[in-house]
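Presented sequentially are two complexes of chain A, the first with chain B as partner and the second with chain C.
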Partner chain A sequence: MNNRNSKNKVFQRIKQTLKMHPVIIVLLALLIIFGSIYPDRFFSPINIKSILRQFVTLMLFALGPTFVVLTGSLDLSYVGVWMLGGVLVWMVKPILGIFAIIMIPVVGVTTGFLVGVIQTKAKIPSFILTLSLLMTYTGLAALLAEGYPRAVEGYEFITAPIIRYVPSTFLWTIPIIAAAIFFMKYTRICVYLNAIGSNEEGARLAGINVDKYKILAFMLSGGFTGVGAIILFQHLGGSAQMELKLNTLVWPLVAIVLGGTPLTGGSGGPQRTLLGAITFTIFYRGLYLSALHPTMVTLLVGVLLIVAIIISARGLKGVTVT
Partner chain B sequence: MNDKLLEVKEVYKTFDEVVHALKGVSIEARKNEIVGVVGENGAGKSTLMKILVGVYSPDKGELYHKGKLVPFPGNPKEAAKRGISIVYQENGVIPWLKVYQFLFLGHEDKYIQFMTLQKDSMKQQACEILQELHVECDVDAFMHELPLSNQKMIEIARAILGVRLEREDSDTTPIIILDEPTAPLTDDECKELFRDLLKMKKNASFIFISHIIPEVMEYTDRVHVLRDGNLVAQYDLSKEKMTEEDLFRAIVGRKSSEYISRSGDSEALGEDTILSAKNLTKRGHFYDISFDLIRGSCIGFFGPAGSGKSRIIRTIAGLTNYDEGELTAKEQMLKPDELPHVRLSRGIGYFSGETGKELFLNWSLSKNISIINMEKILGKITRVIQFSAERKMAEKIVQKLEIKVPSVGTDCYSLSGGNKQKVSVGKWLERNPDILLLDDPTIGIDVGAREDIYQVLLEMKRNGISMILVSDEPKEYYILCNKIMFVMDGRIQKVLGPEEFRKVMST
Partner chain C sequence: MIQEKSMTRPKLSPEWLRRNMATIGPITFVIAVVAVFQIINPFFLSYQGFITLVYAMSYFLIASCGLTFVILTGSFDFSVPSVLRLSALISVMYIEKIGFLVIPLALVVCLVIGFINGILLAKFKVPSFLATLGISIVLEGIAWYLSKGHLQLMHNETFRSLATSFLLGLPAIFYWGMGVWIICTFLALATAFGRRTYAVGGNLQGAGLSDINVARQRIYVFMLSGFLSGLAGILYMSQMGGGSVRIGADMAIPLFASVVAGGTALTGGVGGPHRTILGVIIITWIQAGMAMLAIGQDIQMITFGLIAIGMSIATMDRKRIKIVK
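After this line comes the complex of A and B, so read on.
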């Protein structure tokens, strides 16, 4: 009797979790599909290592913007922070030595603060603002680096192998994700960010300084992107990059939306982005192993984004906000 | 001569088999007049008008057009054939169109020759019609460049034009329904609108929906009063003499038996003034508002919609600023442009009864309660959220207010209206502010839930929370308030005690 009761409870819990994170079902389905199509290749150490490597890139880029998406805005400046930060590291390395890497988070937080202030005071859509900023940063980075990717040495310890088959950057990523999830769940700041995304008028009536917390959201985004980009800097080759790739810009958005944080804000958070990033990476690696043409893969990723956006928007339909 | 242009007889309309929106209403519109239809929110004004323009079809009733029995229109186009058209309260204007483009929007097919739009003839026509209707404006201007009153006039002109282009025969007079046209306008703009409207009476008849009493009194020829789906009164303002208060009483009028008894004056009133206002003014909304709120008491601002009462309370909450005067709480100046979060930190909370305004509907009940009580659930040293404390707090409130939910983790959107309201009020119960501003605290909920909300509010009052009330429900003032200020046209006219207020309202 007792046994059945506790079994029931476990079942209830699983049901609840699946309801909160329906993407888990997609994740399991993908694992089963790819696992049965090519069991050997998919679960080979090399592929798993590739999955982890790609996951790191995706996750660290997607983590910061998640906080902004929560409030119902959008922050696209993350790639710009990584690029401009990298160039600044290259520039100040001779002066600051190993501590030059601190430039990336500094750029991140400053950018966040600037975007937040401009967005709240001038009341411009954050999407277009951060997109323009991204362009500006790309240009600025190229200008400062005189147009060439600049290799910076001295940070190889970040990628130095610790455990076999597991990229070290993945290990470094874990505490960052944990910090973000803890921050999301246990601090009032994130409750307030959620409130703004859910019902801005209500947040105002509940005595929340909406403008201040919107600025904070962008600073958090910049901060997490900045810290993540320290790892990414070495992870993606240890040099200041010049070229803006569409994939690096769009994939993190796919991960956020796929994870279940709607672009309208009000629910979700880093824990969902984590799931989204894993799911997307599996999806991508699975397609990669199939001999599909890369352009076909790009097309499918685009379709996936559209589907994810539609589902995340429909998921809110049960709520009638009058 | 029979000058009855349009007559509606004994119209019934029921929604979902339970909501009786109209219970046999009859109104009429005569030639060249402005007839007012007034009533509170939910009195059935909008439903009636939507029936006239063919958005809804009635359950029962008759429609006479120029004395002939005709079927109710099935859609707005059919209504236009008989000359009936409507100008909605808001969102009717497309700001980036030019005046003549906007006037002919939807009727362009009549101005197409050789597959191109004949702009010149459109402009000429537009000029002619605007001149005929005495609207002065440049047809080449963009809509958004014009003052709001002018925009409204062009909307009305467009409605008349629409009727002219659609009507069956050329002597059908346009009957234009104006749904609270003055809501977005300032006083001066209203005056201009009415000046133009009076000139237009030659060309059309108007059904003027409003709940702003002074303008109805001044500009309409006759007025129909609706209440709870019934036609309760009909006045010919050109013949009968009546005051604004008479009309107001006709609109809200309630039998004295509806007043539940007041729970005596056992509440302990303090001595000290907790909030005081001196000559508080927001131009265009209210002027020279002065009052002293004593700790543990409740002041009500009572008056018709548009009197400025809700503006006053929103100003105190920090949702809008004030121009002149002084507002002090606990001997501290409250600056004109402080935001709600600053006011809350000074102990002033704002509770609105409008569902969905305060609540985060996709959140659980417990989170909705803890959002303004964060301090209480954060760990002492770690400053992180203690979920057990959050749950306990919510369970306490649920038990106390008898909110019917499976668990405190239930999402708020699945709750009934009354229970939602209880959650809203419950979070303030936990917060315990010095002053609670009540903006229509029981709007849209049923009688039983209302009584519960009153009980909670009265208990909070007994515990020394001061309140300011604004409501559409006269009996709320009687139950909650120690002092009722009668507001009309943005000024305090009279100050009444609860018993006096009851006498005034029940005569």
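After this line comes the complex of A and C, so read on.
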């Protein structure tokens, strides 16, 4: 009797989890499909290593903006933080030595603060604000670096191999993800962020200082992006990049939405982005192994974004979408 | 906009200035831009310089007229550069095979893309910014697939003369741009379609309650934007005579900046295509003027990013909106 009860409970628990995170089903389905199509290649150590490498890139870019998406806004400045930060590291390296890397989080937090203040005080829609800022940063980075990608040496320890077949950057990513999930689960800030996302006017009436917490959300986003970009800086070649690609901008958004954080805000968080990033990476790598033309893969990613948003926008009644 | 027609001549008072800031601001900006570049570079307003400016602004004007309608309804269309690129590539790739049927073909394709954008927003409740971003990615894939990444050259001289034949000392594309601009102004200010667009942007719920089919209006507006982007793409190809998948890259922010710099607010319902021409002059003339002075892409990007932010702050009506995402 007791045994059956507890069995039932486990079953209920699994059912509940699947209902909360339908993306797990997609993930398992993708694993089974790709695993059966290419049984040798898909689970080979090299492919798993590639999956982990790509997961790191995607996750570190997607982690910060998740906090902003919780409040219903959007933060697209992450690529800009990475680029401008990288150039600044190159510039101050002769002065600060190894500590020059601190410039990236500094740029991140400053950007977050700036965006938050402008967004809450001047009331500009956040996506257009951060997009314009991203463009400014790209231009600024190109201007400061005089148009060339600038390689910076001295941070090779970040990518130095520790365990075979596991990229070290993946190991460095784990504490960052853990910190983000800790923030989400055990602090009051994220309760407030969720409240703002689900009903901003209500949150204001309940006595939450909405502006303050929105600025804080943007700063959290900038901070996590900044810390992540330290790892990404070495992970993506140890130099500051100059060119802005639409793909770099959109993939993290796909990961966030796919994970189940709706763009209208109010629910979700880093733990869902984690699932979304894994699913997206496996989807992408699976397609990459196939005979499809790379342009078709790009096309399918766009379709995936739209479908994921449509599914996550299900059941939104009375919400004005512009 | 809501300005009473008084019989007395307007006095130059601070009150009058503040009320008409949306018109005076951009005009002053245009004069300042022209003056600065003219002082630095005496050839800026010479005949040859002016032709360069006209070439720079005409296709841009057509595309941003379409975007203006979308921003008037309070939405955003990120896909304008991608649609422009696709229509330019379609016209260059298939002109050899089907002749001048490429023009209707490209326009129909662009209309369909606009329709999909509109449906995603109006029926599936996808925020327009992300819907059009997703569509952009899809279109980028299609553009790569069509062109295989090669530079495509237009060899048909008749097609090229659509934009580059001279009439009264000015290239034909100038008349295309002006014609589209006048039609759009008429459409926005003097027709029921325009009035419904302003209503949807001004107050969505109110428009719905006053028996406007909001969803249909939004779809129409996105279709108009797609159509005009397609037209701009065809004329772009006719003007430039060639292009690759890089067409329209980094165009999204200058386009957006030109719309808000003209005085169309992001909240919707304020402004219009008649103002956009000022914004287009500001943006494209700065771009062309900088190019004439051999100032690089990086400084241009910084300038447009800052203009976009500054102008959205300046045009936003902060009393009307409570919540902004």
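What to note about this one:
As a convention for this text, the second predicted complex is superposed on the first by the 314 of 322 C-alpha atoms of A that agree within 3 Å, B and C clash if a C-alpha of one lies under 4 Å from a C-alpha of the other, contacts with A are read in each partner's own complex, and residues count from 1 in each chain.
In the analysis below, contacts are C-beta pairs under 8 Å (C-beta built on N, C-alpha and C of every residue); 3 or more make two chains touch, one makes a residue touch a chain.
Being a predicted model, the structure only gives us computed values, none of them experimental.
Legend: residue contacts after superposition of the two complexes on their common chain; A:K15 is shown touching neither chain B nor chain C. In the superposition on chain A, A:N247 makes contact with chain C only, while chain B stays out of contact range.
Residue contacts after overlaying the shared chain place A:R41 against neither chain B nor chain C. Of the two partner chains placed around the shared chain by superposition, chain C is the only one that A:H293 touches, whereas chain B remains out of contact.
In the superposition on chain A, contact of A:S267 is made with chain B only, not with chain C.
If you count the residues of chain A touched by chain B and by chain C, you find the higher number for C. Legend: residue contacts after superposition of the two complexes on their common chain; A:K7 is shown touching neither chain B nor chain C.
In the superposition on chain A, A:E201 makes contact with both chain B and chain C. By the touch criterion defined above, A:N209 lies against chain B but remains apart from chain C after alignment on the C-alpha atoms of chain A.
Contacts of A:Y186 after superposition on the shared chain: chain B is touched, whereas chain C is not. Shared contact residues of chain A, touching chain B in one structure and chain C in the other: 201, 316, 319-322. Taken in their complex, chain B has these residues touching chain A: 317, 319, 339-341, 343-345, 349-350, 352, 355-363, 367, 370-372, 374, 378, 383-385, 413. Interface residues of chain C facing chain A in the complex, by the touch rule stated above, are 73-76, 120-121, 124-131, 133-142, 144-145, 204-205, 250, 252-253, 256-257, 266, 268, 296-306, 308-309, 312-313, 316, 318, 321-325. Here chain A touches chain C in the complex through residues 72-74, 118-119, 122-129, 131-140, 142-143, 147, 200-201, 244, 246-247, 250, 253, 257, 263, 265, 293-303, 305-306, 309-310, 313, 316, 319-322, going by the rule given at the top. In the complex of the two chains, the chain A residues touching chain B come out as 185-188, 191, 194-195, 198-199, 201-202, 204-209, 266-267, 316, 318-322.
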